[in-house]
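Heads up, the thing below is written out as structure tokens.
As written, the chains take the letters A, B, C and D, and residue 1 is the first residue of each chain.
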Amino acid sequence: MIQYAAILLFVLGLYGIFISTNTIKMLVSLNILEIGLNIFIISIGFNYQGIAPILSSVSDTGLIYVDPLPQALVLTAIVIGVGTTALGLAFAKSIYQKYQSFDLNDMEESL
Amino acid sequence: MANIEYLLLFLVGSAVISYFLTRLNSFIGSIFTIFATMFVFVSLAAYGFNMNLDTTVSLLPWFSFSQTYLGFFFVIIIAFIYLMVSFFHPYFLDKYPYKNSYNLLFLLSLAGIIGAFYTDHFLQLFFFFEMIIWTTMFLIPQGKSREAAVSYFGFSLTGSVALLIGIFVIYQNVGRFDIQAGLAGISGTTSVFVFVLFMIAALAKLGTFPLHIWLPLAHGNAPHPFSPVLSGALVKLGAFIGILALIKINPIGPVIGAIDLALGQYIIAFIGSLSIVFGTLMAIKEDDAKKLLAYSSMSHGGYILVAFSALNGFAFAGGLYHILAHALASAGAFMAIAAVARATGTTKMKELGGMIHKMPITYLAYLIAIISMAGIPPMGGFISKWLIFQAVIDRGMILIAVAVFFGSVGSFLYVFRPLAALFLGQEFREYKHVKEAPLLMLIPTFIIMGLNIYTGVIPKQIIDFINNIIGENTAFAPVVATTFTVTATYGTLNAGLIALIFGVGVAIAFIIFILMKKSRKVELMDTYTAANFVHDEHLLHYSVDFYAPLERMYEKQSHWMKKFYDALAHKVKEVGKLAKYLFMSNNIGVTLIWILVIIVLLIGVVAL
Amino acid sequence: MIVNILVGIGIALFGFALQTSIGGINRKIVGRLQKRHGPRWYQEFIDIFKLLSKRGISHGWIYDFGVIMALGGIIATAMFMPLTVDIVAFKQFDNFFIFVYLLAVGMLGMAMSASGSGNPWASIGVMRALTTMLAYEVPFLIVALTIINVSDSSSLTAIQAFQQTAGNNWFIIALPLGGLVGVLSLMGMLGKKPFETYIAPAEIASGPMVEYGGKQLGMLFILHEISVFIEVSLFVHLFLGGASNIFIFLIKYFTVYTVVNLISNVNGRFKIDQVVKFFYKWPLLLAIIQAFIAIYLGWVI
Amino acid sequence: MSAVLLIAIPLLAAFISILFKKYSIYLLFAVTIFNIANVFLATEGIIIIGGFSPPLGISLLVDTYSKIALLLVNALVLVIAALNVKAYPKYGTILLLVVAGLNGLVLTNDLFNFFVFLEISGIAAYLITASNKKPITTFRYLVIGAIGSSLFLLGLIILYSMFGTLNMVDMIKEIALNNNYQELVLPFTLMFIGLGVEAKLLPFNSWVKGILGHSNTFSGPMIASVYASAMGFVLGRFITNLFNFEGMLLTVVLVILVAGIVLSDIMAFASKKSREILLFSSVAQASMIALLFVNGIIIWAVYLIIANALSKTVMFMIINKAQKDVGSDEVKSLQGLFANNLVIGIIFTIATLSVMGLPLLVGFTIKLNFLTELADAGQIWTIAFILIASVVEGIYFVKLLLKLWYPEGNLIKVNYHLSFKLVFAIIALALLTFGVYQAPLDKLDNTVDTVMEVVNNG
């Protein structure tokens, strides 16, 4: 179920990028897309009965762990996403400095 | 040095040397080029006629060579034209923007030609073809026009590409790149396919309809000493490919009963005859002497195609003879025009007149060349055309005969135009200072004059060599020839006798002339002008729109093909713009759509 | 060989004399038709010899050289022409194409000389002559193709012999459409009205001839007579079964020339583009139809 | 020396270089030279990091294929940086990041790790293109690139959920065991598109026009040769080892790639700007390279990547320098560029002829060889389309060349530094030498990519 929500977010993000001409809004949409993707990754390893994958002294027979790998991946993916967003915002700022606008349509001619 | 490999390396080496020598001094570089070309020609001539060239390779292990009569026939003609033309270099090179590279590329392209005709491997054939194309492509823009080079390159490349696709089709079916085995190994639909591809290559290189647009552009705008090479030598590559397709592949298809000829060959003959007609009509109309000769090359390309399509011994021999005769004739004519252009700086007929009084030898060279080109005895062109006529009549190819005869008579019209406009008529005052071409340029002029007559009077040696080619490549009966005569289906042609009788006739006329009272010499301006005094010789020189009444009849139609190719280029550009609009949008959304479309397409296709 | 050449020269000379006389006679006939007396039959000889003896002008060496080349070419062509099946200078070598193309050498020489004179009328005349040639040659050559294909030889004597063989008709009967085309082409070749556009005396001052006088013009007259001889003989040999002896030849020759001359005298003059259009319309079509019928269907009467 | 250093050293140097901004570019030189030496010394095989035995943990794979890629990437970065040391001295840190990212991309055997390197190199690429001073195009590149890598990640996660491993070698084994290609179509498509965005394959590459169309002597060759070749190698590895396109997917991919070649060449034909012509030709070459990999012609694809990288470096640098000095990249305003720069002209001509695949140059050898292999594979229609595209390509390149050689009106003045000429001349000589003497090229064979051997032999 949660995977559908993730895909929905992903598609929403794509849609946002598709319709917006504003740089900031595009970056927001990109972030929504990435969040969707991250949730999707998490959902891959998620298990209702599962517990945190922490090694303990208790015998682990019969216990179901949540897959720890996607969680690790998501951490990395989030960091990368933040980096990309930061860079994108920096570019948006320099676009604004150059053209006094965030709207790409405003500077279509100046390309 | 009778080894092909050494010859090639020698040419490449001397190409590099000539670059630096020309850089030093263009005259020295050109003289070096003459000697390098001469060396190669002499080596080929000394060993090649009897197939005594050494074909082993030691230094270029990835090449392999073999010698054939057919290849040698082409190689010796082309090498000869190269040699003749190289004599012009010392007097032309200084005018060109990149003169250093001129000799380099010239010698490299000769290396390409020798390789192309001696290789026995398809991919190497392609290698040499492409090498010829790009080396010559850089020579052409040194003349007048860059577009000419682009057009030349585009059409040649189209031809090469068709050739290469054909080669790969053969390879797929036969599994090897060996030329002889490859051509022999295909059959059925494959051979038809390869035939079509090879013919596209042949038509493009030969500059025949409908792939002829480059011909007048390239010939007309190339550097003056290079036009003879283009017309006399390079277009013959197309004839070579044509022979491979028409004679060697010769696909089995439906046969036209009435003339007992395969449909494929008939279509090619028909294209050839269209080429004859269009070339003739366009040549009649043309004002630039070099472009006029270029259109004549187109029409002669048509003759060559008709000859090879007719599929019999005379026709084949006639086609080969025509290649030789036209190479000599068109080289002679172009070289004469080049000499005039050097002296006057133009090849436009409306700007020239009366050059005969300053350049009589050049005039004579042109006269003899065009006599051969128009197929009038006693020059080589007559024998070849006669053989082709025999074949056409023998097959009863009536529609093609119309074109063949039309082109033959039409050639009188167009070859006469430069004669009248450039050389004859009023002598223009702006060319009073002009002198005859220098001695070095007259040497090849005389040699070609002599050969034009030789090919028209003593066909024996040439026919004998052609018989070797016939025996090597076909099952046709050889052509019977004695020293002076050639025999074909409908009788014997005694070329020597014709020349002799012509001599007798001229002698009689000369006697009549000399016996009578000597004429009073008057100025050219002193003519019958209904008692009006015309002060300007330009006004008395009838050369602009010479055949105006005739030209008017097809004025509108004459641009069709050019328009077609312009439209084609335009359409390709439009597609490009559309593609840019579709794929290279500034809107990210468009890319997103494409990504989605591809995903949906793939998933959809696979799910189905 | 010497003998053959002498025979050839004899034929050329005979042709010249024959055509000059017949030309004179025709002038007389036409004169009578127009209710004039007309000149004497040998008037043309007188004209030629008078011209040859006069002192003319020269416009430079090509002007003279062209005339020599032209006359030489025409004489050479005439030397190949058979008179009858037997009277021929070079047996086997009287190939049809020689006449078409060797004649062209003469024409080329004349054109050269005329253009070399520097008179624009001459150039215009040459232009018209060449254009006319382009018009009439192609239908004629197609008919010739048919004849060569049917008779299986391109030697004029062989073609004559073929027609004289029992069971074969003259080609003008065997190939009626071709015969018609032949007559039209012959008129074009001879430059008779309505195809005399390239001479057009009142329009372009006799075209190529405009600058000539004296011996050059005399030589061109000779050239003209011989070339008419060649063209008419060609017609006789191709279409009228040739001749088995000299008298038949003379009769046929005279008839052809006179008939053509008479036809031409009731015609006006075409413009040059009309000439081209004319020949590329009906004669070419008829020639092609004739060739189809004769070669592909084998219908030869 | 360990191959890990190829990634670790540049990454470390990148951090250090922030402290010594002035010397960052020299640090880069040292690192790349070290890397080049390291490539020669590195032992082939799987390098395990952190002591996890595969398939757990991250591992690197060093084979001849990746060595060629590493050598090319590091050498090109070194050359391009050295040639731009005066004009763009501040990019040392970013270039160190580029080196780390691209080396990682080529070496890594772990799919998620691959994604990380993809992003690192991607961010470095965005920063490089910032030197174009066209922030809008860079922004677009960033967005499209982010979408592309997201798609790649999505595909990769789907694969992970199916097979439970991220190790490429292990994944290949699992896929072989599973033997159901149908369900792999979705992840493969997503990954292919994700890579296609970076590798400039046709419908996914709208960023190229903005980026390369406004590139300079630094960003042009970086994106068009360094990134293009690294992505080419990576794409090759994925296509030949992991994707192994089959059935309908193969057909569709082939159609996309062939259409990419033809349309790109036609787009170049329709262009009037010199940089656009070059960039569209690059796009066509990228599709060509992918096409060769799809057909399993690895070795000639590798050579094509190398030849293309070398030629495009030269071409972009020459044109971009001229654009900088003249102020326009319209072919019209660059007419006669070579009239005063003979050497540069000859080099540019050689590079162009090589790209066009004309004889005596290495492009011809490569072209004929891969066409022969395509013919062996029965792909006669592909050959036909490639060759038809090559006619269009030939025409626009010749047009460009002739315009650049022959001045119209007044001469334009562009000065090329001696170091430019020297480096270019060496490249041109290499193109010429291997075009004439192809024996060494025949030495490598298709087994250059050893992933499958590792898969089979453990």
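Quick notes
We adopt the following convention: a residue touches a chain if its C-beta (ideal position, glycine included) is under 8 Å from a C-beta of that chain, and two chains touch if they have at least 3 such contacts.
If you're wondering where the values come from, they're calculated on a predicted model, not measured in any experiment.
Contact analysis places B-C first among chain pairs (by count of C-beta pairs in contact).
With centres taken as mean CA coordinates, the chain nearest to the overall protein centre is B. Farthest chain from chain C (centres taken as the mean of C-alpha atoms): A. Centre-to-centre spacing of chain C and chain D amounts to 77 Å, using the average Cα coordinate of each chain.
Centre-to-centre separation of chain A and chain C, using mean CA positions: 97 Å. The centroid of the Cα atoms in chain B and the matching centroid in chain C are 35 Å apart. Chain A and chain D have Cα centroids lying 28 Å from one another.
The set of chain B residues touching two or more other chains comprises 586, 588, 592. Looking at chain A, one finds that residues 14, 17, 26, 111 touch two or more other chains. Residue positions 143, 147, 210 of chain D each touch two or more of the other chains.
Arrangement of the chains shown, judged by which pairs touch: an irregular graph that fits none of the line, ring, star or complete shapes. Here chain A touches chain B in the complex through residues 14, 17-19, 26, 108, 111, going by the rule given at the top. Interface of chain D with chain A (complex): residues 112, 115-116, 119, 122-123, 126-127, 130, 134-139, 142-143, 146-147, 150, 153-154, 157, 160-161, 166, 210. By the touch criterion given at the top, residues 5, 8-9, 12, 52-62, 64, 67-77, 79-80, 90, 92-93, 95, 97-98, 101-102, 104-105, 107-108, 111-112, 115-121, 123-124, 126-127, 130-131, 133-134, 137-138, 141-142, 145, 148-149, 152-155, 158, 205, 210-211, 214-216, 218-219, 222, 271-273, 276-277, 284, 288, 291-292, 295-296 of chain C touch chain B in their complex. Across the complex, chain A is touched by residues 586, 588-589, 592-593, 596 of chain B. Interface of chain B with chain D (complex): residues 61-62, 97-98, 123, 126-128, 130-131, 133-134, 137, 141, 146, 149-150, 153-154, 157-158, 161, 164-165, 168-169, 171-172, 572-577, 579-580, 583-586, 588, 590-592, 594-595, 597-599, 601-603, 605-606.
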